[in-house]
Amino acid sequence: MSEFLLTWSLVLAQILLGLAMCCATFRLVTGPRAQDRILGLDTLYVNAMLMVVTFGIRSGSSLYFEAALVISLLGFVATVALAKFLMRGEVIE
Amino acid sequence: MSWLLPYPLLTAALLALWLLLNQSVSPGQIILGSVLAILAAWMMAALRPQKPRIRRPVAVFRLAGIVLVDIVRSNLAVGTIILSARKPGLNAGFMTIPLDMKSPQGLAVLSIIITSTPGTIWLNYDAAKGTLLLHVLDLVDETVWIRTIKGRYERLLMEIFE
Amino acid sequence: MTLAHDFPVWAAILVAFFVLGGSAITLVGSLGLLRLGTFYARTHAPTLGATMGMGTILCGSALYFSVLETRPVVHEVLIAVFITLTTPVTLMLLARAALYRDRAEGSPDVPAAERMEEAPQRPESAENRSEHEEPAR
Amino acid sequence: MELILALAIGVLTGSGVWLLLRPRTFQVIIGLSLLSYAVNLFIFGMGRLRVGAAPVLENPDAVDPSLYADPLPQALVLTAIVISFAMTALFLVVMLASRGLSGTDHVDGREES
Amino acid sequence: MSSGMPLLAIVILPFIGSLIAAMLRQNARNGAVFLAGGIALSCTILTALQYPAVRNRGVLRIGVEWIPTLGLDFSMRLDGFTWLFAVLVTGIGCLVVLYARYYMSPADPVPRFFAFLLAFMGAMMGIVLSGNLIQLVFFWELTSLFSFLLIGYWHHNASARDGARMALTVTATGGLCLLVGVLLIGHIVGSYDLDQVLSSGDQIRNSPLYLPTLILVLLGALTKSAQFPFHFWLPHAMAAPTPVSAYLHSATMVKAGIFLLILLWPVLSGTEAWFYIVVSAGLCTLLLGAYAAIFQQDLKGLLAYSTISHLGLITLLLGLSSPLAAVAAIFHTMNHATFKASLFMAAGIIDHETGTRDIRRLSGLFRFMPITATLAMVAAAAMAGVPLLNGFLSKEMFFAEAAAFHIDSLLDHSLPYFAMLASAFSVAYSLRFIHGVFFGPPATNLPRTPHEPPHWMRFPIELLVAVCLLVGIVPAMTIKPFLSTAVYAVLGPNTPYYSLAIWHGFNEPLLMSVIALVSGIVLYLLLQGYLAKGVEGPPLVRRLKGQRIFERILVEVSWRWARSLERLFGTYRLQPQLRLLVAFAVVAALWPLYRFGLAMGSHQGTALDPAFLLLWIVGGLCAIGAAYQAKFHRLAAMVLLGGAGLITCITFVWFSAPDLAITQLLVEIVTTVLILLGLRWLPKRFEGEGDALSLGSRVRRGRDLMLAVAAGSGMTLIAYAVLTRPLPDTISRFFVEKAYSEGGGRNIVNVILVDFRGFDTFGEIVVLAIVAVTVFSLLRRFRPAPESVEAPEQQREQNAHDSASPDRAVGDTLSDYITIPGIIMQWLFPAIGLVAIYLFLRGHDLPGGGFAGGVTMSIALILQYMAGGTRWVEARLRVLPIRWMGLGMLCAAATGMGSWLFGYPFLTSFFQYLTVPGIGKVPAASALLFDLGIFAVVVGATVLILIALAHQSVRAPRIARPPLPAATDMMKEDV
Amino acid sequence: MPSLLDHLIIIPIVLPLMAGAAMLLMAERSRRLKAGIGIASVVCLLVVSILLLLQVDTMPAGSSVRTYRLGDWPAPFGIVLVLDRLSALMLVLASVLGLASLLYSLARWHRAGPRFHTIFQLQLMGLNGAFLTGDLFNLFVFFEILLAASYALVLHGDGSARVKAGLAYIAINLTASLLFLIGVSLAYGVTGTLNMADLASRIPTLSPDDAGLLAAAAAILGTAFLMKAGMWPLNFWLPTTYAAASAPAAALFAIMSKVGIYVVLRLWLLMFDTDAGPLAGFGANGLLIGGMLTIAFGTVGVLASQSLPRLAGCSVLVSSGTLIAAIGTGNGAVIGSALFYLVSSTLGIAAFFLLVELVQRLRDPGADVLSVTMEAYGETDDDLEAEVGVAIPATVAILGGSFVACALLLAGLPPLSGFLAKFGMMAAMLKTDGNGVSASSWTLIALLTISGLATLIAMTRSGITSFWARMDDSVPRVRVIEMAPVLGLLLLCLGLTVAGGPAMRYMEATTQSLRASQEYVGGVLSGHPSGTGPGENAR
């Protein structure tokens, strides 16, 4: 019972997250402006991190935790750099 | 002592980080974690950040509770807007809030709170004027937001940091 | 997939609830990216996933592993803390950059900077845009 | 899943090759990055696909290779990732130098006649 | 052995002399002369002393092992024929040295001249004395080389340069053909040894490869001996100093071709092909040379064409394939050498004393230099074939052979008439030489007042003319024994009866001689009127300038054709090259699949997961989007690229590769920052109106699209084929089994990286370090595009806005923008650092490792740069990335070498569990130390690359300087 | 306790690394110290590689393969270094070129950019590693090292030509590196091993279904290697890049294209020899035809070159084409002579690259074009018909003599080793034991001859313009340290002629052991590790 429940809830959750990523990708691909794309990327990062966490549960292993941790801690660096580039035309002044 | 522990709070937080990372509270990890936390704090000291002073630790927990509740509420509110409205975001708009708080750390925490709460986003803080530019998704009544932010968050934050 | 056979049903139900709930909230937030009409409105959308979506899924995870390993597993807190610290940074910087760009283009939909009205409008502002993106629709 | 990954490799390769053959240096650098994703996935795939079998010994005595995904391609990909990062950095800087000296971002250092 | 040593000495001495001469001071005139003369004389004497060994049909040999695997010995061989030739080469060499002593101007840096001359002599002796054919070719090409240097000795004269180059091109081409021909002979005979080759005549002539062999060998011989149609280089070689001409065109260079023909005569001659090719070439040369000689205005030109003609005569004789003709050829070779050398020297004296060689200007010199004139007249008479001179004897033999019957053909039947015609011509040009120069009214306004030359300058001519006379008058007492030795060496048992008497009675040859003599005189008298006009070049064939044709062809083929071919089959552009590379790889990969077939595997795959499908819908869209946007929307392309990278990273998680996921993600982040740093220096691109695609670019895009699709499908196909196959018995089994027990780690990937295959990682960090250093040095002299030198537009506008507002200071916008987020970024600094160390330390057992830790650490630093700016950070932190890299590499290497101390190979790891009080068992592996090295290098390299780029913005004042012209840049800095 | 001598094999990799890394710790100013360290390191390398060469040469026939197990892991699991005659030869060649270029660069080039000495050492490390490694992926890593260093060396100095050429060079090589990775991993996916010897030993037992995939892997790898070797049509970058590089870099690059040749030679003979079943001899025709087309294109390029550096670059193509075609013949005797040719042409081209820069100090840039137009339209200026030789300054004389020597070497004319090499190859092609000479051999002989002739014509043309038709009589400043390496390399070539016997014997022995692939496979997989410890369980 619990196995069935967990398996299907996780599969479903991953599909939902996958759909969420598709939504983010829509912004990523269509824009229209650079900030929209960057926002899409940031969302994609968060969604991907959650996907990794669900994946960790699904596999019953904590080996994937660090991947999620790294996304959560450092994923923003790329988007910050992009945002700063938009604002200042330069990442490091 | 202050040369060893320039930022005791930070050091403690880093030790906690270490122990959480390693999922262990064994003496060995505590020793190693302490050493590393002190080293990391020294690293931080090199950047010469402004030293935050936390005056009322109790307020920290109150604030945390309030924010948590607000976040859940806003989540539901924003979720409803996204799902239900025919054309969501029609009520969105910018607003300016004058702030009394000057502490950069306090402002930083405020920015996190505001931005983390769905429905509001921190746009710009004009240090010269002490005004904060916000974007709000459901801007029906500006005063509600001013009350929330100044009353619920800024006051507590000023208690903590100033 | 190594899901334990003897995992207690109550915990399974809770985990399933957390995980499904979290991902549903995240999906709603991401849906906002599609549905909301302006960039500034859209910036609110991902916070759903980054706050409650993340929180519930992490709760599910913590619960799952705590039950599985019969010890408290709470290192998910770290992810929550980091996301809470970092997502606002991105959003603030990005939204402010967008504001600057909209102001520079003289967009009427954003509040003008105090002195911006007096600053001469750049005639070539349209060109500036063409570098990185299409004109706003 | 195998088919999806194979198609993914194909799409990445196709996009990468297309960009690689474009005349602007920036296109080439993006193309090389896409290609390196494709190649990394390809190398990775050469160890075949296993779900939930990370090559980390949970129990040091369980050394049955069939329990784990093939670790060797993973090690190879790691090396490849690092090297391709280094090369991207180098190519980028050379590209900038070339843009500065030749006045164009055309790969041949001059616009086509 | 010892008996052969002099042979070695004869060849080696001149080269040694040449080296010594080359080192003499430029004005060491007498030293050079004594050196060269001494060596030439000793060679002559040494050669002469060998006569007893070859007299009685003996052959002298000496062999030194050289390259046995190729069947090559360094061997010398001397028989009667080569002895005679050797004497000629060395003897005339002596005389030329003596002559040159007086001929060359005192201002001339003669040591170089004598160095070349000696080397040439050595090479010539090498040809003559070679005991195997490859060695012969070896020296053959050397004569081409040294003759090139000698002809071009006065290289400040364009004609010398042209003449030298032409001589080299023609003769070296021939030499290469000869090499192939000789290789074929070796292929047929099975050896290059001359003795073996000479005894395998039938084998060669009956071989199916005979004709190509013959043609190739003849190409070598005929080009060297200036035979038609390759004769044109010789007159231009007259730009050489006269001693060179006297040497090269009488006894040596051109005679090398004749030498080869005679040497191989026993094995190659006697076939129809030989007859037709050699006789036609000889005949054409004989006639053409003689005819052209009559009309030359330059003394040396006249002699050059007469040389061509006489060489044709010898060739013709050899072509006849009859033993008697061969005898005549050998004999005439000697005779021609003596009279031609003396004539060249005489011409040189005239030139030297009068300052000109133009027959039109010269006249009546007999009065001023009677002795020289007399000598020249005798030599010229020998050339014309006047009785009592050596030329007469060989010419008689020639007539006899021309009249004899060989192969029933028109060519054969017409030979006597052509022979007489050519002989008449030779009488005419000899007359012209004598009459035009020495007789007639005394010449006026010559550059110099003519008089007799110094005695020793004339001495070589006197000696040679004496030989002409002696041989001509008493052949039996002088040349006969030597000639018969030589003839026997060539013909062996086929040696015919021949008589060297002056008088053979009234016979056909005599009649022909008389007719030729008389008609020659008549011809000269008839032509005097025409000649007096002083027209350049011979009538009828004046337009036919071999040299011009040669130059034209050379330029056409070697320059114009080459350039168009290079353009046609090559490119200088990058795009086609990349296209070719990709296309080549696609074809190369698909061809074997087509040839050997490709079956998909039967392996049970992993079950389809819809979420994974969704992931790759996202990934695919991102990839295609990036491809679509990269031209005009760089930032969009980068963001899309980031999306594709993220999906790749999740894929690694999905299929059990947490280490890869972490690393991919970190690299992804750093790469994004890096490219953005670069983008600042890449001026914007605008989607212009003029971007409507031309047909050409449409076609190109279509082609590229097809190629991209082909590459993508190919990869899909191959990947799918492999993915559906069961995994073979891989070497990974070992890694899984030994990772913990012998590698001391549970993260197998990491144990592979730092232990099993630590050497790869070792190399990988070196790559990283090299690239970082390269980026650093490239950026030190970086000049940005002029459009991007200024601060970015955004900054300028924001600063303008700040300064326009009364209550704002410049920089306020930035500080409002970054201060608050910056504080959060600052807080994260120690946290990220701690995570970096965490990742580093746990790597051996769990996902992480030195690389991941290092990159994380550098991201922590970069984040501070982003938040605070370069100056802000560097006022607080002192990062010395180059040191980090150096120390890291040393640490890794030292760890590797540490195992030497314990007697193990490089990088052998050691581990054990240390029991630390309070902590418990702690794994202590040397691999951790190695990983530390990796960590250090990665931090250093990543930071160096990023910071070096970031520093460009700080360097603004230096950058603003306009870029220097590119080519001279380096020089300026350097000098 | 094994002696340090057992670790000799790895010295060519570790020593330059240590030297290079140590120099990173020194300040930019201390160039003299760095130069000293660099020279010391290269001299040590030379000594070590000669020792290694002597070591393999004196080993008994049939077991001339020595291995070094890195990390003490047995082959095929760990990475092994493999020393045999071929790799020892390449090591010696690399260190000779390294010494020559380094000495040359001390005159000025080492000051032309930061960290030159480190890069130089690491370049040598990459080359040596590529020659020594017995593992396919490790080969990739060393390729990347040597390429990364070569990028740095191409860009060393300044000027837009270098950057432009460098950009193309890097782009093409990055693409080829990706191909390399695809090939290696595909080979792994099919056979499950990365060790070259193990790979070779697995091929005969390969399922027929997998043959196509393995061949595809080999073809993809081949593309990458042949691109590096400079095979037409993948070679247009080569002359441009080599010509743009600074002289010492270009001289060192003379061996870079030979790395591609080396790998093709090694892997091809190892993988697809007669016991490889359906795959036996796979790709031979491709190599043969590709090589011949390369000779043809290189010849055309040599003739069409307007400048000396480009001429030198194109002669690299001729050399590569010759070697590729020689390998493609699959004829042992031809390959033996081709190895001799490899050494000779590498030394010659390196000397030429070094010389070219010195010669260019003599001439004005317009001279190249002028020389051809003068040739085309004749009518040269004959005013200075003085019949007195011009005194040539010693510098010019030495440069001229060296130029002649280079021309002879590249054109394959006596007395230098180029002649013997070409002769050896042609003779071997004709040595057919009674069977007819194949059409491809005829074509190749013709191509070799024509390419030699074309080189001679082109070299004569440019030599005459450079030395004989100089407009001004100024004597360029050439330092002894610049001239000595050139002369040294040329003397080596002369030495190769004189000592042709032993040299050729070594090459023959090398070829024999290369063709007996069982020797290599056995030597690596079971072989005689040189650095073994006392026992199995010592770890």
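By letter and in written order, the chains are A, B, C, D, E and F; residue numbering begins at 1 in each of them.
Convention: contacts are C-beta pairs under 8 Å (C-beta built on N, C-alpha and C of every residue); 3 or more make two chains touch, one makes a residue touch a chain.
Quick caveat, the model's predicted, so the values are computed rather than measured.
Asker: Just list the two chains that share the greatest number of C-beta contact pairs.
Answerer: So the chains sharing the most C-beta contacts are E-F.
Asker: Indicate, using Cα centroids, the chain positioned nearest the centre of all protein chains shown.
Answerer: Measuring from the global C-alpha mean, the nearest chain centre belongs to F.
Asker: Quick check: how many Å separate the C-alpha centres of chain A and chain D?
Answerer: Whole-Å distance between the two chain centres: 20.
Asker: Centroid from C-alpha atoms only, then distance chain C to chain F, rounded to Å. What do you get?
Answerer: Those two chain centres are 56 Å apart.
Asker: Distance between chain A and chain C based on Cα centroids, please, to the nearest Å.
Answerer: Those two chain centres are 9 Å apart.
Asker: Take the average of all CA coordinates in chain C, do the same for chain E, and state the distance between these two points in whole angstrom.
Answerer: The computed centroid separation for chain C versus chain E comes out at 66 Å.
Asker: Going by the touch rule set out above, which residues of chain F reach two or more other chains?
Answerer: Those would be 137, 141, 144, 148, 151, 155, 160, 167-168, 171, 175, 182, 186, 188-189, 194.
Asker: What positions in chain D touch 2 or more of the other chains?
Answerer: Where chain D meets two or more other chains at a single residue, that happens at 20, 42, 45-47, 51-52, 54, 56, 58, 72, 76, 79, 83, 86-87, 90, 94-95, 97, 101, 107-108.
Asker: Could you list the positions in chain B whose residues touch two or more of the other chains?
Answerer: Each of 17, 21, 111-112, 122, 124 in chain B touches at least two other chains.
Asker: Along chain D, where are the residues that touch chain F in the complex?
Answerer: Touching chain F: residues 20, 25, 28, 32, 35-36, 39, 42-43, 45-47, 72-73, 76, 79-80, 83, 86-87, 90-91, 94-95, 97-98, 101-102, 107-109 of chain D.
Asker: Tell me, which parts of chain D touch chain A in their complex?
Answerer: Against chain A, the touching part of chain D is residues 51-52, 54, 56, 58.
Asker: In the complex formed with chain E, which residues of chain B make contact?
Answerer: 10, 14, 17-18, 21-22, 26-29, 31-32, 36-37, 40-41, 43-44, 46-49, 104-105, 107-108, 111-112, 122, 124-129
Asker: For chain E, which residues are in contact with chain B within the complex?
Answerer: My answer: residues 807-808, 812, 815-817, 819-821, 823-824, 826-827, 829-831, 833-835, 837-838, 842, 864, 868, 873, 876-877, 916, 918-920, 922.
Asker: Show which residues of chain E lie in contact with chain A when the two form their complex.
Answerer: 609-611, 613-615, 617-618, 621-622, 625, 635-636, 638-640, 642-643, 646-647, 649-650, 653-654, 658, 661-662, 665-666, 668-669, 672-673, 676-677, 679-680, 791-795, 798, 814, 817-818, 821, 825, 828, 831-832, 835, 839, 846-848, 852, 856, 859, 862-863, 865-866, 869-870, 946, 950, 953
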